[in-house]
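The structure's right below; bear with me while I get my questions together.
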Amino acid sequence: MFVSASDLHVLNTVLPEETFNSFKEYYAPEKPVAEQLAIYIKNLVRFDLGSSFYYKMPVAEIIAGRIGWTLLLSFVSISISALLGIPMGLNAARRGGRGGKYLLSCFMALQSLPVFVLAIVFQLLFCFKFHIFPSGGAYTLGMNANIIDLSVDVVKHSVLPVIILVLVELPPIFSLTYNVCARTKEEPYVEMARYFNLSDRLIKFKYVLKNSLPEILSKMNIQFLYAISGILFVEVVFSYPGIGTLLKVAASSRDYPLLQGILLITGFYGVVINLIFELIIKKVNPRF
Amino acid sequence: MSKKIANKAAWAIVITMLSVGAFYPFISPYNAADFSFRPLMDPSTAHLLGTDEMGHDLLSMLLAGFRITLTIALAAALISTFIGTVLAVACAYYKNWVDTVIVKLTELFIIVPEIVVLLFFAVLAKPGVYNTILAIALFSWSKVARIIRAKSITAIEKEKIQYTLLLKGSIWHVLIKMWRELYPAVATMFIFQCSKAAVYESTLAFFGIGDPLAITWGRMIRTALNYEGIFTGGAYLWYLLPPIACVCIFVVALSVLAYDFERE
Amino acid sequence: MIVELRKFKARHGGQAAWFNYPDLELEQGQCVVLMGKTGCGKTTLLNALFQYSFPGEVDYEKAEILGVDWRDRGKNSYGLVSYMPQYAQSGLNPSLTVGEQIDLVRRCCFHPVENPYAYFEELGLKKDITERYPFEISGGMKQRVALLLGFIKKPALFVLDEPSSALDYITLVKTVNFLKRRKEESCAILMVSHHSGFAAGIADKVKVLREG
Amino acid sequence: MNILLEAVGLNKKFNGNTTVLNNVCLKIRRGGIAALIGESGGGKTTLCRVFTGLEKASSGKVLFKGKELGTLRGRSFDDCASLQYIFQDPYAALEEESTVSSVLQEPVNMCSRRGRDYMPPQEALTWAGLAGAAFLGRKIKTLSGGQRQRVSLARSLITRPDLIIADECTAMLDAQAAAEIGRIFKKLNQKLGLSFLIVTHDAQFLYQVVDYIYVLHEGAIVEAGPKDRVLNIPSAGYTREYMESMWEIEGGGLIEQDHLCQPQ
């Protein structure tokens, strides 16, 4: 990820003269590619991601100030979705029947909608029409209150974004669990377990769940990585001060270094999530 | 029974939308580029959805959006499904390092969200419909590759396909032989990619990166949201909701179709 | 009487043809083997009688298993009946060791066998496989472990569907001897096989099914 | 002595530690019918797959007509065509929906593209005991297991092979169909000089079809010799146990069914 001369040529047409010059100096596109890369990596090691030309500030500093809000939204929504989705999927699959299938098709439809559209509709309904929740931001600006009031305020601001995120993150987790468990349930060894006269409880936990969990976890990790893009959009709609709003500013102002920094930080987030899941899977089933 | 009705309805919706996209000049009341009307009119018999702040007729813009949005969706889906399928079959056929490289590449797209990469490159590229199609197609094949690869790897282990390998069949022979096995998954992925491309198009426009001249649903949503008074009056009802509804109906209809294919 | 069938008919869901079966009586400590060509409905009969949820219809004048009418068999119908379908080789839980599975099955029995490990020797299994997962042992061993699990509850009736397919002769002989000994312990056996030599080894009665 | 296929010190390990093949050496004479017997999971299928190139041995080599065979990718088309393989499961080896003629067309196309002489499908079907032009038009799904297996055999004959490897090709058939396959093998061996390597559990095959027997136990060849010697005076302990068990099970049956497998 560095800038080539041709990229710069494109930027020349969209950037103001002075920014362009400082930018050119920083990235030095006239030097050979290998040297540019070396400079870039050297800067990266020092957490120097360059400097944004929209904010006129170091990119690393801007991102550091915003990432907390994004992490808050992502961990809260992901935990709620997983804690609801896995038991729901397991039970729906075990019962079989139509209920699970209908729920699945509703979820399928919900899942395919663009996240920001869903967010706009919710904002319209709950903020502008019924005035239940604040329409944007992470906290009331200029509020001078004690820690308790402040936390209540933060929670109030994040309820709607979290609900929307759960709505888009839950369906894939539910349908994943449902599908994997429904398939495991059809496995010959589950049927054999009945012929051995095992109890329903044992079959549910020791046979269906135990054999489904590794697959569920190894696929859920992908769902979590997909979820990050949802978080970015919800933030934009609710002007939540996280990475997503930053991305919007960077994209619409063609703030190249900032975009690059966001790309890096989301990639880093993905790597961390992957690592966490690998550890969990190892713990659940040593065979994988 | 109800499933069949849902399926038929979904087909009807998709076909209607495609024909609107193809024939919109005949049904559109005005030229979509015409901004000579009085701005911000409420809906009336002359302007069923009113006009925007520039003086465009909103219904004409919505209808024009069918063509470009659907073209982008279909073209991008076609290209990305093709790329994904060929790479997936290559994984199963060549195994070893080819497989490793392609898998690493798809993993990269999972770790860095497609949409962020897409935004990154869309910012660099010259805005335009072709570039939008290319950007979406080139950066959204990873899911196709991942899913079709899993199918291909089980399919290539089937004895009827192993026979072709034993005769030293080329990758194309194997692809043709496997097509019967892969077809449902490929069809599902194509429909899925269509809906994803429509979503990505509107997302790009929402971030202000699409073609500034092309009229798409995504761009309508963006201009509507940029308009300060959108939520104060009733303007959102005829300005913001129609393009949102179009995107949603299109995407949901496709997901019903994809769901049906998947289970066969 | 362990099993009594009179004028029993069955068909798979979606298929038009009914299979008509000859009358069948199976007493304690007896072994009946059903033989016949492929497609004569051997497996369908066992499925109809013993499968957990049979996707088809049945019709009969009398069908009693352990003195209970077929339609009245409740949830606990596997308390004293063991059924081993054709796929018994893949009938072991892949994420539990053989030993863990033996313990699980023992926990759910009314009167489990005191020492299931005594069966190990009879079946030619080594003790150390209790520590292993099913994917670590061969197909023939899995089949024998499944057989062993079925006998832990001391069933009054043991039903086997083609136990001989894909087994080599050495395993086959061990299986025959094992089943013979269980028969002597007054367990009734109902079996489907196309392997005449195998059937001849244990059967008291052989019923040949004809098509239709 | 005319050796067609030779294995020299083949070893195969799965996942680094499970030994499947342990220093396997065997030779198949031109014009012979060799049988490979042993317990299930003893490495018979793996050995066949190494011969056909579908799997790679960890060490050791395979010589075919005196020259070394690599993996599938390293082989010439001629080698692939003259070493044919018949799969165990006739229901998985052929595409249900296609017709007999299209199944047989595949090797014809491959041969004509690479300029190899091939046998017309009609003739191959006649050899496999499925005469009649009407048969070519039938769908695979309307055929019985025995008929499918004979179609597979006809498909292998089209490339005019020198050696056919058959992996338990009668395990899923009833006794009559299996006997029919045995008769056809014998006839092909006598009239066309074709060699066979047959993996089997079937005592009839051992007594009436084959002329040489290899016994594989825990991945190693424990005994090899002409049929009469191995069956009557087995030397290795494992073979003795195997033969005794076979007699115990098949004892009476073998004599009764004798007539089924008389070579014509």
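For clarity, chains are labelled A, B, C and D in written order, and residue numbers in each chain start from 1.
In this text, contacts are C-beta pairs under 8 Å (C-beta built on N, C-alpha and C of every residue); 3 or more make two chains touch, one makes a residue touch a chain.
Heads up on the chains, UniProt names are A = Dipeptide transport system permease protein DppB; B = Glutathione transport system permease protein GsiD; C = Glutamine transport ATP-binding protein GlnQ; D = Oligopeptide transport ATP-binding protein OppF.
Owing to the predicted nature of the structure, the values given are computational and were not obtained by experimental measurement.
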Fewest touching-chain hops separating chain A from chain C: 1
Maximum inter-chain contact count - chain pair: A-B
Chain centre separation (chain A, chain B; CA means) in Å: 21
Euclidean distance of C-alpha centroids - chain C vs chain D, Å: 32
Inter-centroid spacing, chain D versus chain B (mean Cα positions, whole Å): 51
Chain pairs in mutual contact under the definition given at the outset: A-B, A-C, B-D, C-D
List of chain B residues in touch with chain D within their complex: 158-160, 162-169, 177, 180
Contact set on chain B toward chain A in their complex: 6, 110-117, 119-120, 122-126, 195, 199, 202-203, 206-209, 221, 225, 231, 236, 240, 244, 247-248, 251-252, 254-256, 259
Residues on chain A engaged by chain C in the complex (per definition of touch): 187-189, 191-199, 202, 206-207, 210-211, 285, 287
In the complex with chain B, residue positions of chain D that touch it: 52-54, 72, 75, 77, 80-81, 84-85, 87-89, 92-95, 97, 106-107, 110, 155, 159
Contact set on chain D toward chain C in their complex: 38-42, 145, 171, 174-175, 201, 241-242, 245-246, 248-253
